[in-house]
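Taking it in order: structure first as structure tokens, then the write-up.
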Amino acid sequence: MTAPDRSAAALAPDADELFLTGADWEEIADAVHDGTITINMGPQHPSTHGVLRLVLELEAEVVRSVQPVIGYLHTGIEKNAEYRTWVQGVTFVTRMDYLAPFFNEVAYCLAVERLLGIEAPERAQTIRVILMELNRVASHLVWLATTGLELGAISMMLYGFREREAILDLFESQSGLRMNHAYVRPGGLVQDVTPDFADRVRGLVTELGSRIPEYEDLLLKNPIWLERTQGIGILDADQCREFGVTGPVLRSAGVAWDLRKSQPYCGIEQYEFDVPTDTGADAYARFLVRMEEIRQSLRIVSQAVDALPGGEVMVADQKIAWPSKLGLGPDGIGNTPEYIRHIMGESMEALIHHFKLVTEGFAVPAGQVYQAVESPRGELGYHVISNGTTKPYRVHVRDPSFVHIQPIDVMTRGHLVADLVAVVASLDPVMGGVDR
Amino acid sequence: MGLEERLPAGILLTNLERFVNWGRSSSLWPATFGLACCAIEMMATGAGHYDLARFGMEVFRASPRQADLMIVAGRVSQKMAPVLRRIYDQMADPKWVLSMGVCASSGGMFNNYAILQGVDHIVPVDMYVPGCPPRPEMLMDGIIKLHDKIRQEHFADGRTAHPDQPVDA
Amino acid sequence: MLAEFLPILLLLTLATLFAVVSVVLAGAVGPSRPNPTKLAAYECGNEPLAVVRGVQYPIKFYIVAMMFLVFDVETVFLFPWAVSFRKLGWFGLGEMAVFVGLLFVAYAYVVRRGGLDWD
Amino acid sequence: MTLADLEADVRAGLPGLDTAVAFGELTVQVPADRILDVLRRLRDELDFDYLVDLSGVHWPGGDHMIDPQLSTTGWPEHRVLGGRGVIEVTYHLLSTERNVRVRLVVAVPDTAPEVPSATGVYPTANYHEREVYDFFGVLFPGHPRLERIFMPDDWVGHPQRKDYPLGGVDTQYQGGQAVPPPDERVWSREVAR
């Protein structure tokens, strides 16, 4: 019995011994031999902002190459929306980018309204702007909280979520849900805001305004924060343009491109606010841009709530307006008794509209539309195609996070693994939007 | 060589069981298995306002080796299912699974090709929490009910409740 | 004379006892249901890509380990000095200054030779 | 700059392409072999510096019913007679200086769809094209690494094509009754019973 061969060659692993998922990872694994090690920073990881898997090729703490693998949260929302009516699509669409539900809803509803050729009433547009900008503040607070947690400022997590709770209380008081509201509908809003909405918003704005200096005392000149974020993850303007990057990451590279200014929607051009930019193009610049954006959003909200017009919140056309005027009905919240008396007793036509809208929804004229809004992460675009029936033919969503995953490799080459965490955090990807 | 495996079932050890279960249930460390919108609500529950630390769930362990409870928070896609099963297998015993939200419990509104219609297809689930996403109070209510369930467990149950077939990798 | 050392002896035995018993007890009593996946390496939920056998660890890790050892032992010597700081008076302070000064030379050497910056 | 003169520019710069303006947007139909040339010219001459989005739409061939639901209420069913059997790969371009958008549509037969890869002109197209391949099966010759991006690597079929079932499971109700997933619910049978 000859002695087993223990020479280095025999012990070295050959390619197929590495049991990899996926067809062509073998070439990466071959890099094992020249001193680099290929390892997964996988879907279940505390600092990948959701289920993002990064196949890292490391040379002792220095990142040589990053291969993002996505799809671990693919929910098939776009296909599901094709089997639901136009109004039901709102509930699917709001679950895509779960940190900015109002942006998804408003972008989808604007696209449908353009296809229908109608416009939401003035009051509905102003409320949409208020809720969207507050949603931007909440999304930036979650970004600040999780990035602080990842880079070691654990207390930032507590402060960030404390403020967000205040915003979510307001959302819940208006739409009934803390997240995934389905509050915005094609043609306006599902129901009007509560009478004390204006005062609550003003109180919220002053409270949030007083808290921002607190964060800046904590982080602005914190040596650890500066060390971890300055000069990390450089992406200059041309690279941004190549990779199709928009939003705070692009503005941190010095380009003042903001859809709220260049292609305004929902009447946002009547409020004055400025678009914060920075020239650092690194993680610290993105931190500064996002902090300034929180202030600007609060500015917009306070102007919008002062200019809140009266009137209806849903378009007048009965063929589109969602019928149920929610109120206290005989057995709790539901159709108010007057409405029931109106459709059952007074007008046959209202009954037909109610029945048709509730059973199969309204038909949208054939055509295709691309509607984009400025979401907290960048340009969120809805390419909606209708073939004249009551169901969308195709709803494609251009999500900024999906586009921001690509430059991770370019931004992190030569950095340490710890900086890779800072770079992925500075891009603020939300996997719900990436995987749709 | 766990002694617990070989202890006889029966009334002799009820006090010991009650003591051990009390110890286990009052410091369940959850594994961070946040997937989608429920993960944000889970983080909100863990943050200062709703504060999961009051139930001994002070810290969310990233690695399954140090976690007792896996909160499946969000929709489980077909690509994520083997990963979830692997993480569950790599968790140290005794372990429990709380399926948070309707998407984890039954596929929820995404009845399509991409989503696993209920996480109990691949892992034994101890507690289902409804809601989309469940409010932090609902999640805490689910956790408190899970604590009560753990308090009534017997040593012998462990051998049958969680049949651990190895995943055929 | 021996009696003075009794508390230290007691402390040592209790410490080792606590360490050994808690480890052994956990291993012996706790439920253990090994299965191949549980014994495999944890890599964020995928089959492990990184093959640890046969990969030479880069030298930088050794440098970091050596430097940690040196300065950790230095702090260990600081503890007893700090306890009897009053009694030693100026002599103690001078002595410790020499000791720390010597090690500071080593620290300066390491920093200048680039031991601390990574690549 | 208004849409009209953008359309004029496009017509002048790129002869032989039919352009249409609808819902305030310009759509240009481009044959597959000219797409790279059109993209390059739009980027360099009309300075469209952003490829914002690249996605697919499947218009299946043959005559099929689009909306079986409608048969419950007796209203006419929406039926497509003789579809085009085509996958439209849609490019959305944006020009930040001129603040205007344009949509290029490349229609390729859905049996063997192939469109030259735009990663050379716009690197951001890399992931978008992998997505269109993953969901519609459109091949992009010239793409550095064309493979599935969302579905598991060993997935069969391209899910977002119209001939791919929604793939849901039956919803269980009491007494063992079950309701089929949304795409298989044909009401006329239930109503007629």
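Lettered A, B, C and D in written order, each chain numbered from 1.
The working rule: contacts are C-beta pairs under 8 Å (C-beta built on N, C-alpha and C of every residue); 3 or more make two chains touch, one makes a residue touch a chain.
What you are looking at is a predicted structure, and each value in this text was computed from that prediction instead of being measured.
Of the two chain pairs examined here, B-C and A-D, it is A-D that is joined by more C-beta pairs in contact. Per-chain CA centroids place chain B at a distance of 35 Å from chain C.
Chain geometry summary: the mean Cα position of chain C and that of chain D are 60 Å apart. Between the CA-based centres of chain A and chain D the separation comes to 23 Å, rounded to the whole angstrom. Distance between chain centres (mean CA atoms), chain B to chain D: 41 Å. Listed for chain C are residues 45-47, each touching two or more other chains. In chain A, 19, 21, 42-45, 71, 74, 76, 79-80, 435 are the positions where the chain touches two or more neighbouring chains simultaneously.
For chain B, the set of residues that touch two or more other chains comprises 64, 79, 83, 87, 111-114, 169. Chain contacts in this assembly follow no simple pattern; the graph is neither a line, a ring, a star nor complete. Residue ranges of chain A in contact with chain D, taken from their complex: 21-24, 70-71, 74, 76, 78-80, 83-84, 114-115, 241-244, 246, 255, 257, 262-263, 359-360, 367-370, 372, 379, 381, 383, 385, 387-391, 393-394, 396, 398, 402-403, 405-406, 435-436.
Across the complex, chain B meets chain C through its residues 1-5, 63-65, 83-84, 86-87, 89-90, 93-94, 158, 162, 164-167, 169. Across the complex, chain A is touched by residues 32-37, 39-41, 43-44, 47-49, 60, 62, 64, 74-75, 77, 79-80, 82-83, 87, 109-115, 132-133, 135, 169 of chain B. Those residues of chain B that touch chain D in the complex are listed here as 78-79, 107, 111-114, 117.
By the touch rule above, chain D contacts chain B in their complex via residues 150-152, 155, 159, 164-169, 171, 181-182.
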